[in-house]
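You will see two complexes here that share subunit A, one where it goes with subunit B and one where it goes with subunit C.
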Partner chain A sequence: MTTSTNTEPETTPTPYRSHLHPTHAGFPRLLHAEWTKFRTVRAWLLVLVAAAVATVLITQLSASGSVTSGGPDAIHGPDGTTVTDSFRFTHRPLTGDGSVTARVTGLKTADDRSVEPWAKAGLIVKSSLRQGSSYAAVLATPGHGVRMQWNFTHDTAGSDSAVTTAPRWLRLTRTGDRLTGYESADGANWSKIEDVSLSGLPKTVQVGLVLATPGHQDVHRSFGGSSQSSGGGRATATYDHLTLRGTSTTTPWTSTDVGAPTPNAPAPHNARPDSTTTVTDGTYTLTGQGDIAPDQGGPDIVQMSFQGVFVGILFMIALGALFVTGEYKRGLIRTTFTATPARLKVLAAKTTVIGAVTFVAGLAAVAVGYTLAQSTLRGNGFGPPAFPDYPLLENPALRAVLGSAALLSLVAVLALAVGVVLRNSAGAIATVVMLVILPQILSFAFPLPAARWLLRVTPAAAFAVQQGVKKYDFTSHNCLPEGGCYPLSPGNGLTVLAAYTAAALLLAAWTVRRRDA
Partner chain B sequence: MSDATIEVRGLRKRFGRTLAVDGLSFTVEPGTVTGFVGPNGAGKSTTLRALLGLDAPDEGQALIAGRPYHALRTPLLEVGALLDAAALHPARRGRDHLRWLAHSHGLPVRRVDDVLAQVGLESAARRRAGGYSLGMRQRLGIAAALLGDPPILLLDEPVNGLDPEGIQWIRRLLRRLAAEGRAILVSSHLMSELEDTADHLVVIGRGRLIADTSVSELLHAASGDRVRLRTEARTQAMELLAREGGRVAVTDRDTLIVTGLPASRVVELLTEARVPFAEVGAHRATLEEAYMELTRDKAEFTSATETADEVTR
Partner chain C sequence: MRAHHALRPLHAEWTKLRTLPSTWWLLAALVALTLAVGAAAIAPVAADVCPGGTCDEDTVKLSLTGVWMGQAACLILGVLTMGAEYGTGTIRTTLAATPTRWRVLASKATVLALLTAAGGALAVLASILLADALLPDYAPALRPTLGSVLCLTLVALLGLALATMLRDTSGAITLGLGILYVVPLLVTLIPSPTWQHRLERWAPMPAALSIQSTRHLADLPIAPWPGLGVLAAYAAGLLLLAGVLFRTRDA
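Showing the complex of A and B:
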C-alpha cells in the first residue's frame, strides 16, 4: 500500500486560533439566519404579498357575485341555531311531572315514494306550540333506529330497531327540568335511552304524538354543477296504547300542524289540507310532513367569505417549496449544513420561519377578506335575521379566520417538507397541489360516496374549517361538495391536513438525516 | 491532536457502482498550504464533502481538529469552506449571503464588512449575487470561509475563474493565512495553479492516494541532480564525464543530460580538459512535470518516493 513521506514544514508554527468569541449556535440564531434568508430574496416577499392580495381580491369578487333576495324568516332553536320545526302533533297539555307512553306500530309513506330514512314517529314534550321552542322527543325512524333528540342540535341513538319492520314502545318522562326517554320491544322491559335537562321548561308543556318526514331530495350532479329537487315526502304513522300519566286538564287530544302557514289561526286553518289524524279503537293514525332538525340547507355566509383562500394556497405552496428546493437546486443547502451540521435543527428552523411568515400574512389576508366580504354580502341581501351577524372576533367567524390562516400555513409547511424529500421545485409544487387542490375539483365530478371519501382522507378536508354552519350528521341534508359541504367537522378537517404535514415532516427529517447533502 | 489539523483515515465512499474514494488517508498540519491534487473525478470533492459532514463515509473517518464535523459546536469558527462558488441565491445580495451565515453563529454584522474588505468585494456587496462574475463569486465564497476567522480552511478549486491579478491575490492570501498558523487544504485539478502556493501535496487518482509529499521533495525527486549540457564535442565530453563518475545520457545531437555530478564540477572538468561547451545548467522540473510523471503510469500502488526515484529521462 502507500507509504507517505511526511516532511515537517521548515518552521513549526503555533496553530492558529479564531479571534472571534465562540458563541453557541443556538436555535434562536438559526431562526434569525433562516429569517434573514427569507427576507433577503425580494421575489419571496412579493409572492407573500401576492398571496395576500389575491386572497382578498378573489374573496371580494366572489362575495360581490353572490346576491339573495332574502328568504322566509328563519326560525331559531333555543341555542340560536337556524332550525326547521314543522310537524304533525297530536297533543295535550301536561302540568308538572308526568309521562307519556305509546307504541309505534308502523311508519310508511303516504305517496308512492320510499319512506325517508329520517322520517320520525314518536313522542315529544315541547314547551309550547311555537316553532323553535325547546323540546325533547323519543323517535322511531325507518333508517336510523330509535333516537332521543332535544332542542334540535342534540341526538342520542337508542336501539337500531327499524320501525318499518317491528312495532316499538316509547316512553318520555318529565321530572322537573329532567326528561328521560325509554324504549321497549314489548311494553314490559324498558331501557333508558338518555336523560337530559331542559332548562327553562314551563310548568305546563305540550306532550303527545309526533310525526315528521323530510321531503325527498333528488340530486342531479354533473361536473361543475348540480340541481336538487325535493318534494312529496308525506308519511303516515300508526300508534296505539297512548297513555298520559300526570296532571292534565281534561281537554281531549288535539292535532296541530306545528309550523303551518298560519299556526295561530283557529282550526281548521291551522291544519294543512293533507294532514290528518284519525282515531279508531285506540289506534291513532297521523299523516303529515315536515322535520324537526337543524336547518342545513341555506347558504353559509361565513364560508362564502373565504373563497380567495383557494387561490392564496397556490402562492403559499410555491413559497414553501421554493424556500428549500432553491437551496438544493444551487447547492446552497451544503453551505447551510456546513454552517449548521444539525440538520434537524435546520429543518425545524425553516419550518418555523415559513410557518410563521405564511400564517401572519395569511391571517391578515383572510381577516381583511372576511370583513370586506361580509359587508359586501350584507349589501347583497344576506342580512339578519335569516343571515345573522357573524362578528370577526367571535366564533364561528374567528375559528374560520384562524383556521384558514392555519390552513395556508400548514400547506406551505407541507410543501417545504415535500421539497426536502423531492429536492425539486416543480415536483414538490405539483405534489402538494395534487394533494390539496385536486381532490376539491375531483369531488365535483366523482359520485357522492367517492367525493365524500376524497374530502375526508385528503388534505382538502381542511377546507371544512371555513364552514360557519355546524354540520349535524343526524339530518337528512345532502352534503354536496359543490354546495361547500365538507364531511368532516372544522377541527377534524384541519387535523387531517396537520397529520399530512406532520407525516411529510417526519419523512423529510428521515431523508435529511439519511441522505448525503 | 492539534486544534488545527485535518485528518482523513481510511476514508471510503461509494456512489452506486462507483468507488469515489477508496481507502484514502492523509493529514494536513497547521501552518501549511496543502495542495489536494488529482484529475477531475479523482475523489477530491467527495473527500472535502466527507470532511464537512455533508457525505457520510462508508468506512473510515474524516476529522477536523480530531473530531467529526457534526461534533463541532461552532463549525464556522473552526473550519472555513468554499465548495462551490455558484452556491448562491441569485436574488440575494452578496452582503446578505454573509449576513445569514453570520447570524447562524451570532457573529456581529461588523464581521461581515471585515471579510468583504478582506476579499476586496465592498463595492459589489450590495449587488445581487446573480450578477456576479465567477471571480466575484469566488471572492464571496472565500469571504464566507473567512467569516468565522477559522484555523482551518478547505477550498475546492478556489482559483477557478480568477483573472491573473486574482490568482496573485489568492496566492498571497493563502501564504499569509498559512503563515498565521492555519491549516489550509486547497484542491485543484491543475498542478500549475499550486506552483508557488502549496508547501505540501496530497495527490490522488481514482480515489486512492498517489503521493503525500512536500513540494520541495517532489521537485527534487523529479529533477534529480541532473545537469543539462550543450556541446558540439559530444563524444569527448561523454568520455570525460563518464571517467569522472557521471552517468551521461544523450537526448539529441548536441545535448547531454549528466547525472551524478553537480553542475559546478561539470563546468570545472570541461574547462580543465578544454572541451568546448555552449551551455550548462541544472535541470529543474516544474511541478507540472513532476505531477505528470507521478500520474503517467497510474502507478497507484507504488509509493510516491519509489515513483519519484525511478524516474529517468
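Showing the complex of A and C:
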C-alpha cells in the first residue's frame, strides 16, 4: 500500500476555463442569462407591474363612465347581427318555386341631396314582412354596381353598371331553399351573380320590388369630437317588365314599408307618410327610404373594454427599449458580447425574454381589465338583447384579448429592435411612440382618405384587433378613426405591426453584427 | 470672456446645448417633421377632397398639423437639456460652477425657450408658406401661427421640468410622450363622455392645440387662448415644482 502523492507537481496554475465553447453556449443558458438580467432590475419589474395596473385601471375608469339608457329596440338578423331592415316593398306572396323578373330603369334622389352610392333598387325574396327575417335580393346601386345580398351580412358583387345611367334587368329565382340572382343588360342574355341557400325559408314567401336608401351623412370632424348628422335620404326608383312566375294568390301587387309601425295593417297604416308606389302602363314608381344592411353605428362594447391598452403600451415601449439601451449606456453590452460572441443569439434571447414577459403581463392585464370592464358595462345599461354577452373565452372577445396581449408584446419587441439600432433610449422610445401612437392622433386631424391610409400602413393598424363588431365594407357606415374604426380587419391589422417588428429586428440583426458594441 | 456676471450661466448653458450634436439633429427633425406632416395633411385637400378649395376644412389648422409631430422633437430637446447632464454626471460640475441652483435652471429654461422658439418659428413658417403655395384660398392668421410656436416652446419647457424632476432621460421622455400623445388619444377614443369632458378641460394636449383653430370656434371644447393657457399652466407649474425639488435634492 502506498499513500497517494502528487506524482506530477504542477508547474504553473492553469486559469479557469469554461467547459463550454463560447460560441456554442446553449440558447437556454442565454435565455436564462437575459431573464436574470430582466428580473434583477427592480425598476423594470416595477414598470411591468405599473403597465398592468395602469391598463386595468384606465380600462375600468373608461367603462365606469360609459352609461347607456338602452335606446330603441335593436333588430337582429338571422345570424344574430344587429341590422337595419326598413325599405319600400311592392310584393306578392309566392308559394313554392318560382321567379321574379323586372327591369330597373332609374334610381334618383327624391329630396334636394345627391343620390346615395348605396341606395338600392331591385328584387327581393323575403320570408316575411317582419324586420330581420331572412331574405335574398338582387340590387342595382348608383355607386357600387349590381349586388346580390342575403341575410344582411352576405354580399356578392355583380357587374359594375350604374343604375343611374343604364337600365338593368334583374331576376331572382327560388328552387326549394336555393335562391339564384341573375342580371342582364338586354333581358335576353342573363348572367348569374350568385346561388345561395337560405335555410328555414317558409313555403310561402313575399317577393317583389325593393327600394331603400340610407340617409345622407354629413360629417363635421374636429379634434376631440366629430359630429355626424344624418338627414333626409329619400329616393325614387322606376321599374318595368315586372313578371312573376310560379304559384301566387291572385291578389294584385301590394305595397308595404317594412319597418313601418304596423307592416301587416291595411294601407295607409303600413306605410310612412312620404312613401308611395304608383303604377302607370306597367311602370312601377317607388318612393321611400331606409336600408337593408348590418347596423354598424352602435357602440362596440368589446372594443370599449380595452382603453387601458393605450396607456399600458407606453410602459411596454419604455421597457423594450431600456432592456437593450440600458446595456449600451452602462457598457454592460461589452460584457454580454464577450460572454457570448454570437451576437445574433444574444438578440434572439433578448427578443424572446422581452416578448414573453410583456405577453404574459399584457395578457393578464387585458384579461382582468376586459372582465371587469364587461361587468361594469353590464351594470351601466349595456345589456342583452341590444348588447349580447361576449364571454372572455369565445370569439370575438378571446381574439381581442389575445390580440391585445400580442400587440403589447410586438410593440415591446419593436422598441427593443429600434433600441439596438439607435443605441439610446430617448431616440428609441420616441421613434416607437411616433410609429404606434402618433398615426392615430394624426388620423383624427387628417382628411378622411389620408386618415384611413395612415391607419392601414402604420403599426397603429394593429389596434383593429380590439374590435368586436365585424365591419362590413358594403354598408354606407362612415368608418371614422375618432369613432374607433380601423380600416383593416383584426388579423391584417396585427400583421402590419408584426411586419414592422420583423423588419426592425432584421435591421437590428444587421447593425449589431457589423458595428462595434 | 467679458460677459456680465449674470449672463455667465446663460452663456455656459448655450455652449453646452450648442455643442451637443443631438440638439441640431432634433431641431432639424422639428422643422422636417412639422413640414412633412403638414404637407401630407394638406395634399389631399389640394388634390381631391375639395377641388375648388371651397370645402369646410379648416385649412389653417390642417396646414399646422405637423406641430403634433414636431412637439416630440421639442420635448426630447427639453428633456436632454437636463437629462443628459444627469446621464453623464456633468450636473455635478455644473452645480460646482454655479452653486445657485435656481439660476442654473432659469438659464437652461431661457436658452432652451429661445432655441425652440427659433426652431419652432422656422417650422411653423415653413408649413404656412408651403400651404400658401399649394392651396388657392389659404389665409394664414396670426393667432394660430404665434400660438403654435408658443406651444412648441412650452412643450420643450415641460420636457425640461420633467427631466429635472425625474433625473432620468427615459422616464421623462416616456412620461412626456404619454402627456403629449396618449392623453389626447384617450380623449377621443374613450367611450365615456364623463372622462372625455374631464380630460378635455384638464389635460394640456388637445387643449393647447385649440389655438390653431380658425373655424367653428364655438364648437371647441375649450377656447383657443385658454387652451394654450392650460399647457402654459402645466409647464410653469411643473417647472416651479422641478425648481423646488432641484434646490432641495442632491444632484
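FYI, the second predicted complex is superposed on the first by the 490 of 517 C-alpha atoms of A that agree within 3 Å, B and C clash if a C-alpha of one lies under 4 Å from a C-alpha of the other, contacts with A are read in each partner's own complex, and residues count from 1 in each chain.
One rule holds in what follows: contacts are C-beta pairs under 8 Å (C-beta built on N, C-alpha and C of every residue); 3 or more make two chains touch, one makes a residue touch a chain.
Values in this document were obtained by computation on a predicted structure and should not be read as measured data.
*Asks:* Name the contact category of A:Arg245: first (subunit B only), second (subunit C only), both, or neither.
*Replies:* A:Arg245: touches no partner chain.
*Asks:* Please indicate which partner A:Lys470 is in contact with in the superposed arrangement: first for subunit B, second for subunit C, both, or neither.
*Replies:* After superposition on chain A, A:Lys470 lies in contact with neither partner.
*Asks:* In the overlay, answer first, second, both or neither for which of subunit B and subunit C A:Arg130 touches.
*Replies:* Touch status of A:Arg130: no partner.
*Asks:* Just subunit B (first), just subunit C (second), both, or neither: which does A:His32 touch?
*Replies:* first
*Asks:* Can A:Lys192 be said to touch subunit B (first), subunit C (second), both, or neither?
*Replies:* neither
*Asks:* Return the residues of subunit A at which the contacts from subunit B and from subunit C coincide.
*Replies:* none
*Asks:* Tell me, which parts of subunit B touch subunit A in their complex?
*Replies:* These residues of subunit B touch subunit A: 2-5, 23, 25-27, 29-32, 49, 52-56, 69-70, 72-79, 81, 83-84, 86-93, 96-97, 99-101, 103-107, 111, 144, 148-151, 179-183, 199-200, 208-214, 216-217, 301, 303-305.
*Asks:* For subunit C, which residues count as touching subunit A in their complex?
*Replies:* 37, 40-41, 43-45, 48-49, 56-58, 61-62, 65, 68-69, 72, 75-76, 79-80, 83, 87, 169-171, 173-174, 177-178, 181-182, 184-196, 200, 206, 209-210, 213, 216, 219-221
*Asks:* Could you pull out which subunit A residues touch subunit B in their complex?
*Replies:* That would be residues 1-9, 11-20, 22-26, 29-30, 32-34, 36-37, 40-43, 326-327, 330-332, 334-335, 337-342, 516-517 of subunit A.
*Asks:* In the complex of these two chains, what residues of subunit A are touching subunit C?
*Replies:* 58, 61-66, 220, 222-225, 227, 299, 304, 307, 310-311, 314-315, 317-318, 321-322, 325, 329, 425-427, 429-430, 433-434, 437-438, 440-442, 444-450, 482, 484
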